[in-house]
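Below you'll find a set of structures to go through.
Both of the next two complexes hold subunit A, though its partner changes from subunit B to subunit C.
Here is the complex of A and B:
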């Protein structure tokens, strides 16, 4: 009897040990919440970032890809050679890569994908990425040659975008609802309005990811986001919409909070063609009237990095030019007087829905009023903003976060909605595009940052922070958001 | 009766036709182009034009209205601009959440309100009545999303009895499905129950003052017997009217509750579609809800006429 009890005790111990160990290795799925649901799952025919947040480098891969630190590394292309004059890129593709439907991924698919994106009737939202491509030629099944009309120092960067991923020709019909890619995860199911499930691709050409399954949940309401995380219904919330609640998560040992940077330069966009904004003195006056830190504290609960130009502070080529537009209301008033507007003027301030704009706008309007500029606040939905402000250019001021990576080039487009027309800057951008030497590029990019900062084209406010909340055991999450992505392969649970 | 029904049916058809025009006009007039919303700020003009042709947005408004209405008559609600799936399919999927939620909330609100209303009427002026009336006053005044947040705080975050939101799916079983709809149903039901309890109470009190109630008492029935046998049946007519109205409200009005509990229902679909300028989805869902409300009213009208012959001659 005694022996029996002892044995029972021992086997009980063994059992509980097995249970504990089991719990440690059993956790190989994850539930990730985000605010917006993708409209569909084709990253090559829509601008919605929510699509990339689900599919980029999980389901679909491109020739190159972004890493969490913003660097560009080879993906489906194993290596490449660039011709002397910088116009011919010869990509060597990885061997043995298959799409999720089992068919082989080869040079023909690359040609198809790039030609589809740049075609006349293409629905690609970033068609400009492919504008410089003259021809795409298949050399052999694993080699593809891309010829550019002129050298483009950004070409490998452009190919890393979610809009440039390689798709299977036979899957185009159903790509929006049943995407087929080459990535480490396959599409599982989509319950619209609720969740998308991805499963590990056991036939993946690269390393097998740690997680077997990932579920994306879509929770748009900030209060609901807080509750879902607190009740531990979800494991991770990327792009957490309630910054006011972050200290509570930071204080709770069950959770971790990740504060990083996005590519979103949040700016007070100014209609440079509209009087009185066509006068640089007026724009300069506004720049000095704005107290950035008050906006970051008041509208973003302290999350955000002040910027003095249109460039991401985490980029090595960034120059801190916030000094050009330091908060100085007296100087602002003096500048307005110099511009012939000692009593200020009236204008409009269009605010799209995000809180950086709505909350930030109230503060900016108050700060501008201090120096005599009366900005009438007009709240608009995104569709309306696109129509009146972006397309119609019928606005004085607006607040918007420009989230495309490396988008300083928009200042070289005089027809772009803030209508900055500076031939010297345009020439600089042309030179930059055709320059491939990294040091030379850095120098040119810094020069560009200085020009727009000193021209006070727009009011440069802050870099939008990337805020995520996760359970304490989750590791490998991207803190920064160099592009919209949730890199599942990098994520695992700690022991 | 037949003539009355035909008249009602004609007025139903006219209402629907007018509703379809108003819905289409109001939604189409609001600024914002669905194609530029989908393609974002870097879209090139030729890309936008290609997408507009694909979506049929290059047709004139009149053409689009006619094809929308004729499509609906055939049961075809069109294809969503953003999701690219048939709208009828999307509505059917969402109804599997919204309809059970509305019925669940209605059942809860009725189960709470009727006994509470009867209890209060039977104890008119006594502390029990005052307590019920006080509670319903609060229930009417407090918005349902506040109840929702309190319920989540207590039962999901602190007690962990429920998830903070989301829908388990009917494929996980009836119990799991109902479990995930319980908090939203309670949040929706409480304010409705408060209104209904007040209606129940006042309807019953009105009846209690009627002559036939006095006769019933004179015949020797106790106060309670008279109330149950003669009072309740007559008081139910206004209560049923309110229940009918509440059902329409619960089906169409759960947008906020569906946001708070992130449920994949009709309300959330409309909400997402409006911000994405997915016009065809907004138009079709709103039209469907109008159709549901008008049809319910039509059936209620017919039911009244069946019960009360005086109504037939009046119209």
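Here is the complex of A and C:
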């Protein structure tokens, strides 16, 4: 009898296990948490990465798109032809693509979107992407011709950005709160301060995605992030804010941890126009005073790759220039003395909220203090950082991660917040933009990396790691983050 | 002396001693990072372990005590030096427009939740120990003003004050020479309690990042830093947490004991 009961109990267990497994198999929705809530949902009029994390390739698509490995593939453009001299791109659009409101997506919409982005009064955050466009012409409803002022080897890459997605002219009024795109997911609802819900677009022109519904939840507090994940309130946390908690998730069979690369060069941004940072010797001294490995271990608990220039290490054109700024406090002191500041100097260090900045800043302040540089830590919120540092340029030092892909071009903009003004570099960038030969481009990019590394424009710290935690059954997540995106179509639950 | 008083005074003086000692000696440099030695649990070398930067927790607690005490002491100082004269004046001019003005002003400050206003002040004028002192200090003013006025009012009815008035002493002189000494023990007791509240407020402000700024250690910020690490390094949160609890407990016990000891009515009962 006892044995019988036991058997019954065991088979009952097996049955309920089967039921649970069945339920998991049937699961076709997902809850994805991230730290920052988007300010609105128009990727073509703001720099906020959080917007792209929700809408890119889910609601909105461009002519081309990024894949998880960083490659560029056709999206709304089925194919294209490039003229002999590299200045005319003729895009053939996919047939039968409709916006979520049912209207057809055609060449007129492409022309509208590109013209809107490059217009004089455009609010686009990356207008440089469109700067080379001379004209956009509609050939027929499914063919659009883009003429450039000069050849641009990056053009197809530029068109893949979230800032270059195709929008419907009639939906512009409400794009910030009720976006209408062509993507595999439609906008459901937005509960401000809590979540955004996206639903599967049954009329999607491409393959139907596996998940019927996706909820993006916004959890800014690292402790709450850890608790939400541990309690299984959310299925995925992308950009997990507390690297110190990852070993616990790794040790737990309920979860998987994805560690990948991002385009985020984390740098000690230096106000190149402010004394004494206008002296290259001072900048070099700071570079030698900083121990990168200590910052990666102390602030990021080991996650991150040291960099010696403003370039992503996973890029084939990357040159390892960390040797230019090896940790050497004695050399730093000697350089400061050469610069006429043997006793160091005082400056400010503005730190935005992410832990790479707040913790990294404490470490850097301590390291700089070793060579006599007193950096007063000023913790700021993002709004304040944008106001004082980014727009006001009223800072000495700050720590920030530049997450845009291939953004070495910012060093050619003397008005950019760290105010590096080097005509030779600006000329090099102009040459690079008009070069299409891959080998020549690589060479130019490496030259650019060397110039800013040897000029010690900023303190180059490390490449931010993409840290995601997910339930064990989730598959298809991007491990790397070639651009800010959550590609829902790629995600599914394993059986 | 009661057991409360001895225990409270013992705990409080331990904290004060640690803070004073930190000026001349700490086991390690409190600001020195040693990343390879991070997150050690308490051991022979690091009595309280090390934090996520490998800093010595014992040294940080000692210097943190200094921060807490300095902020709380100065805040109580602000409260007393402004609140007591206000209370004495209000009592001396009981019922006048001046009394009304002072007491309604007090009500106004009392009506606001103190920590919220403290956050407002530090948010407007910038985070830092000095602004924290001012913010906490402002909320100490009405506490002292009220307690002084209440006690002084009953004293003004007493015969020895009447005698002083008959002798021709002015209100200001009577307040200073006769009233103040007689309310002093009340103020000392209240001061001790406000002091413990000041330590709590400082910890609260630095917990939300508005108190003393890094690298100056502060118990509240140590707690905030430890928050995401509680699950694998609980000592990081336990140690500053215990430091705050024991200090506040000690000060409250001491305040309690002092009241029993100094209260004239109880003193009569004892003798």
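Basically, the second predicted complex is superposed on the first by the 471 of 495 C-alpha atoms of A that agree within 3 Å, B and C clash if a C-alpha of one lies under 4 Å from a C-alpha of the other, contacts with A are read in each partner's own complex, and residues count from 1 in each chain.
By our rule, a residue touches a chain if its C-beta (ideal position, glycine included) is under 8 Å from a C-beta of that chain, and two chains touch if they have at least 3 such contacts.
These numbers were taken from a predicted model, which means no experiment stands behind them.
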Which superposed partner A:379 touches (first subunit B, second subunit C, both, neither): second
Residue contacts with subunit A in the superposition, subunit B compared against subunit C: B
Touching partner for A:294 - first (subunit B), second (subunit C), both, neither: second
Partner chain(s) touched by A:176 [first = subunit B, second = subunit C, both, neither]: first
Touched partner set for A:223, first subunit B, second subunit C, both or neither: both
Touched partner set for A:120, first subunit B, second subunit C, both or neither: first
Touching partner for A:193 - first (subunit B), second (subunit C), both, neither: first
Subunit B versus subunit C as contact partner of A:48, first or second or both or neither: first
Shared subunit A contacts, counted only where both subunit B and subunit C touch the same residue: 223
Residue ranges of subunit B in contact with subunit A within the complex: 30-34, 36-44, 46-47, 50-51, 54, 82-85, 90, 93-94, 149, 152-153, 156-157, 160, 163-167, 169, 259-265, 268-269, 272, 275-277
For the subunit A and subunit C complex, residues of the former touching the latter: 222-223, 226, 242, 244-245, 247-248, 294, 297-298, 359, 361-363, 365-367, 369, 376-379
Contact set on subunit A toward subunit B in their complex: 37, 39-40, 46-48, 120-128, 176-177, 191-195, 217-221, 223-224, 227-228, 230-231, 233, 353, 381-384, 386-388, 390-391, 404
Complex contacts: residues of subunit C adjacent to subunit A: 31-33, 35-36, 38, 52-54, 127, 209, 213-215, 227-229, 231-232
